[in-house]
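Each of the two complexes below includes subunit A, the first together with subunit B, the second together with subunit C.
Now for the complex of A and B:
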């Protein structure tokens, strides 16, 4: 992926060698018609790491979307009939031998075993945990991006006092560490809603709100910087001269040109939010009475369970690591593909 | 220079005021009743409406919010006496309230937790700078070679794993499974009480985890800054003059490259000082982060509020310092 291999299909005819081919050939016509996004996609498709990561991410998305049918396929369920049927209370609450590891052989009834003490099926919890993780991360990314883009657009385009005030707020929010904000919100949400029937839904909504409130600043900064340079370009001035209203200039003229920075900030946000969601659940301040990978990890770090049954810890842990890692690497590849200057 | 510092100071104070107001309002309007946790605690979960009203009245929750915020700010500067039900609790300046659980002034416990958090932060930061910067410089000098590429991609890989999982696995496997002697008892042991060795061995694993993880990021920053610095014209001039390569890299290149790294370090270090929640939770270090988690679980609202305020203050001050130091290092900043 060095500059030498950045052939004609990546940057048009910027290479030093004179074009040998007939300019009217099939290939030349194709080159002429490529948009920056298509060039980026072409680069991505050639990046082996990006393709592998995209497949891994796709796998997790399928798991999340089809959690129900996959559970039905394996005949497992979130509902545990009776914990004592599955776990051995006399043996530290570990699963009975016929339930699979750690004391018995693999069984198709519970492909990933059952949880100690509660006897919950690990596969079902893993799949639905994946759904919670992706759902929260995606929703929060969407909201945070919208807030960030709008504030960045306004600050960059309007300039002057508006820019100063908005930049002040961006800087102010940047000084508040996210983890602390979530920690501060947790007891308040608990106090207000812990008796409500839909407490776990409220917790998830609150988590999305906290993630969005403390996640938009990076996008806003990026967009603001980009808008400041775009604002002086001819097409914007032309639109102004034609008497286009500001809102139309912002959303019809500027926004389409901001696709690359928006994609970049989304690619940074998604893995962060997946990791944070699980991290907060691990600390006991995110999703606390629902299904979440972080919560399973918290349960599995009970030292007795960890010594006897480390697989119970590794299942959600590998889920988080694989998802975050592939999202991060994919994001990196996307950033490289979108930036015409990168040479790795 | 002076004008710049004054300008930054004013904006720092403004941010601090806004953040403290935000936190105060959050704890005022957020819970269904701010007195509910203490009422539940004092009456062993048999809090009736009448009892709740008594707690609300004595804690001042019936007064307008601005009045109570004023009292709170006054307490921070001159101290105050808090009344909970029929008992009075003196609280010397700077008063951050009285813990619902221990009935002690929050400030005293906060001060007693600071050494643990600071020990973790200083040791971890020292390790990641010690390894991060030299490795970054070495990678930048060998830019494009196989070693550089291997280093960059393996570090990218490590830093893509969530930190808390990395720390958790380090602790579980080194301390619990393999029982490595040096790491066998993690936690904070005051150097004055237990001696330096116990202090060191208790914190060492936390430092290593923070150090390895932070080092991957600092290597990347340093490498990026060095690559840029080494492609400057003055480096070419230095080479043309025939200076030894060590002088070129360290005296001319590194000096310029370190400025952005120092900035990032300042902000990171502030975040570490403000509470290393995951590190403290995993390695069982009873610092500020641990304490605030405990307070969240015990619904000890004054403590949660105090830790939030403390962290905000630490972060704002460290950001301020970074800006001032940066303006000293790089005069262009002052002009813009």
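Now for the complex of A and C:
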């Protein structure tokens, strides 16, 4: 029996490689069986921040999906009451004492209180606001990512004239100021569709379109750059030599290798859109029917209400901050987990 | 006359909204942006019990006002008044006038400031001990002498009035100023377009000194100057000429190019107790003492403070904080509005320094007379409108800034009849609404109502939600069309595709002087611009024409009776509220009062307590 020339004694402290193991041991088999995705998930599970953020995001998703049943559970709804039944017009339009804070004790009838001036139930509006926020952000993210990925793939892989034309469009859309465009679109959409019965749906669809149109460029650029480096790699060259059609190379060879950048750009796009939706609603464009965190904040930014009834502003604000922050941190964690160079 | 800035426009996006409204040359409540502003008026005894708290405050109301043709300068001294100091006036959410040209001014803000301080006219109002406006002479030595049928008015111009440069104000200059008001192209939003053009002889064919290339106003023969006497001929009898004379448009302008618009509007030559030192439109107007003004020549104005600073477009919440803090800035300040959310605090803390002034305004809903033909349905709408809830949701204080209305003429207007259409004040009563609908034969399925809402303002949307709620409870179904421009742009445009689908509109209207002739015909005469109901009954139109020819002392009662008759027989318009304004005065401002003639602080009589 002979000793290894470069045994643990000499290399162990210099190498980051896992310690050599018997390839037939139970432990080694487990490692070998892990796909990159499982490794990433394993890393995520060990990341405490990621777990907390994922739970928070899950909470919001549950709130959004089950807004109706949760409201029914608490016995609250979106129906506008007669204002005088719930608020006191002679006392700054604040809720009556029996409606809970700020003038009365907590009541299960309205767990989050009612809105000043209108008496609408805050919990119901918060839950449905969450749904609107996530619905719009998710849909817009999906559309923007698909457009961004496809254009990035084409531009990066085909190169030449196609790349030049597509890059021109990417640059052109980047130059259009988003806010200005959104402000311009709102009255046009209003003018065209305001007599329609499903105006509020049209409004949301329009918002998704606007967000997608101005949200895909970042992804497209990222993907294009990645593709340019990947397309010179051997496996792509091999696929070409074998005569694979371009579409197959794009979607079967390149796309799987782009999972990390795509997931990252999606995970960062989502919180951006949540914040944008609220911001636009605050400005009175986008969602205007009142069921949106941004609209609630707009109504609550009033010095008197903030002084006497700060919960009214904090509720939607905390919703947005918690959701955006967790989505961002989760996105970071996912990025770290997917990056093979990261060591924990 | 329009008022800029309405509490309902809310705290949030005032600037954006105002910039939209600013260009509206309309004789109208600009807050108009909202149908829901409906407001009503008060003073009448019909408080409905739940408004007790509001009743503690006495209204700076009106009794219709009176006239005193004998009044001569100097104006009576205000008790304990002291001279000196600077008065800062905050105008929250109010962009102020676009131009200071007296001929073009037709807004509550601009006219209240300029008529009180810088620009004199034929007549003016003063506030008497009870707070009522009294029409007294100004540049004229009396209130004018009409001929028998009011087709000719003669005013004698006083000799001792001067411009800020020391030159005397001549009869020729007054005549030229009046002539300018006929130029509806140079002053498209001026009040002359409504009154001079309609009443003065030969005015219809005369294009005015600028548009008609007649710089000396020689081509118009409707006015004659003889020494100090000015004689105006009327095309139709015009008994209210003395009231019209209180508009600064009926005042002098320097002859020739010196007063050429639009430049003159930046720095008009003052002839009142104050002159313009600097003027930045939409920002600030600074007025300083005019040392050429002589108190003896003026029966109505004072010159106590050294300086007035008007700050336009202020943030309501910020101004409220300043005024309630009682710091050195706010002690000599005045605010022309108070956020409704501060009303309770301010009412307790400020006492008599919070002045509640009845403005001669009415908010209305106007059912389309050609589409909603049954009076029962129109009344059903009135019963299905949740008045108090709408006021709360739109940020008003029920019973304080908005009070129930019974007719078109605001409380205190001469001739106003305290009638009730159905014997008592119409209040929210959905059951009664359903009964009325059933009576009209619509009991089986909801009666469809189509209206617009200004969706940019969350307060307007919230108020609309209340209206929808009330109407639906009352047996209607409501289709709400959200719009992003002022509803007036829709309601007043007969070709607008949205407008064509509406069967319920609205108007907020303020009187130009305390007479029914500035309320009823603009809203209810067939073909009138602001008659958004499309109400057109030959008998009513004829009656309006007839009242205009009646002897002056019978007119007021005739208008009151017509108001009652129209409301009782046709109910073409649903008065939802009379409006009140809230003014806040600093602790060192003397004589905190409102001006009942126009719905603004009483600038003429303010002073700084030294």
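Everything that follows uses one rule, which is that the second predicted complex is superposed on the first by the 319 of 344 C-alpha atoms of A that agree within 3 Å, B and C clash if a C-alpha of one lies under 4 Å from a C-alpha of the other, contacts with A are read in each partner's own complex, and residues count from 1 in each chain.
Definition applied: contacts are C-beta pairs under 8 Å (C-beta built on N, C-alpha and C of every residue); 3 or more make two chains touch, one makes a residue touch a chain.
No experiment lies behind these values; they were computed from the predicted model shown.
J.: Assess the superposed three-chain arrangement around subunit A: do subunit B and subunit C clash, or do they fit?
T.: clash
J.: Once the structures are superposed on A, label A:184 by its partner contacts, choosing first (subunit B), second (subunit C), both or neither.
T.: In the superposition, A:184 contacts subunit B only.
J.: Please indicate which partner A:271 is in contact with in the superposed arrangement: first for subunit B, second for subunit C, both, or neither.
T.: Touch partner of A:271: subunit B, not subunit C.
J.: For A:246 in the superposed arrangement: first (subunit B), second (subunit C), both or neither?
T.: Once the two structures are laid over each other on A, A:246 reaches no partner at all.
J.: Examine A:93 and indicate which partner it touches, taking first as subunit B and second as subunit C; both and neither are also allowed.
T.: Only subunit C is touched by A:93; subunit B is not.
J.: Name the contact category of A:324: first (subunit B only), second (subunit C only), both, or neither.
T.: A:324 sits against subunit B, while subunit C stays out of touch.
J.: Classify the contacts of A:82 with the two partner chains as first (subunit B alone), second (subunit C alone), both, or neither.
T.: second
J.: Now for A:237: first (subunit B), second (subunit C), both, or neither, which partner does it touch?
T.: Touch status of A:237: no partner.
J.: Quick one: classify A:201 as touching subunit B (first), subunit C (second), both or neither.
T.: neither
J.: Considering only the touch criterion stated at the top, classify A:304 as touching first (subunit B), second (subunit C), both, or neither.
T.: Touch status of A:304: second partner only.
J.: Superposition on A: which subunit C stretch among 308-316, 488-496 or 506-514 collides with subunit B?
T.: Among 308-316, 488-496 or 506-514, only one stretch of subunit C overlaps subunit B, namely 488-496.
J.: In the superposed view, which residues of subunit A touch subunit B and also subunit C?
T.: Touching subunit B and subunit C on subunit A: residues 186-187, 190-191, 283-284, 301, 303.
J.: Hey, which residues of subunit C end up touching subunit A in the complex?
T.: Against subunit A, the touching part of subunit C is residues 11-13, 16, 50-51, 53-54, 317, 320-321, 339-345, 386, 388-393, 395-400, 455-459, 461-462, 465-466, 468-470, 481-485, 497-498, 501.
J.: Going by the contact rule set out above, which residues of subunit A touch subunit B in the complex?
T.: Within the complex, subunit A touches subunit B at residues 168, 171-172, 175-177, 179-180, 183-192, 271, 275, 278-279, 282-285, 297, 301, 303, 306-307, 313, 317, 320-321, 324-325, 328-329, 332.
J.: What part of subunit A is in contact with subunit C in the complex they form?
T.: Counting only subunit A, the residues touching subunit C are 80-84, 87, 89-93, 117-118, 186-187, 190-191, 194-195, 199, 283-284, 288-290, 295, 298-299, 301-305.
J.: Tell me, which parts of subunit B touch subunit A in their complex?
T.: For this pair, the touching residues of subunit B are 11, 15, 18-19, 23, 26-27, 30-32, 36-37, 156-157, 160-162, 164-165, 168-169, 172, 176-177, 271, 274-275, 277-278, 281, 292-293, 295-297, 299, 301, 304-305, 307-308, 311-312, 315-316, 319.
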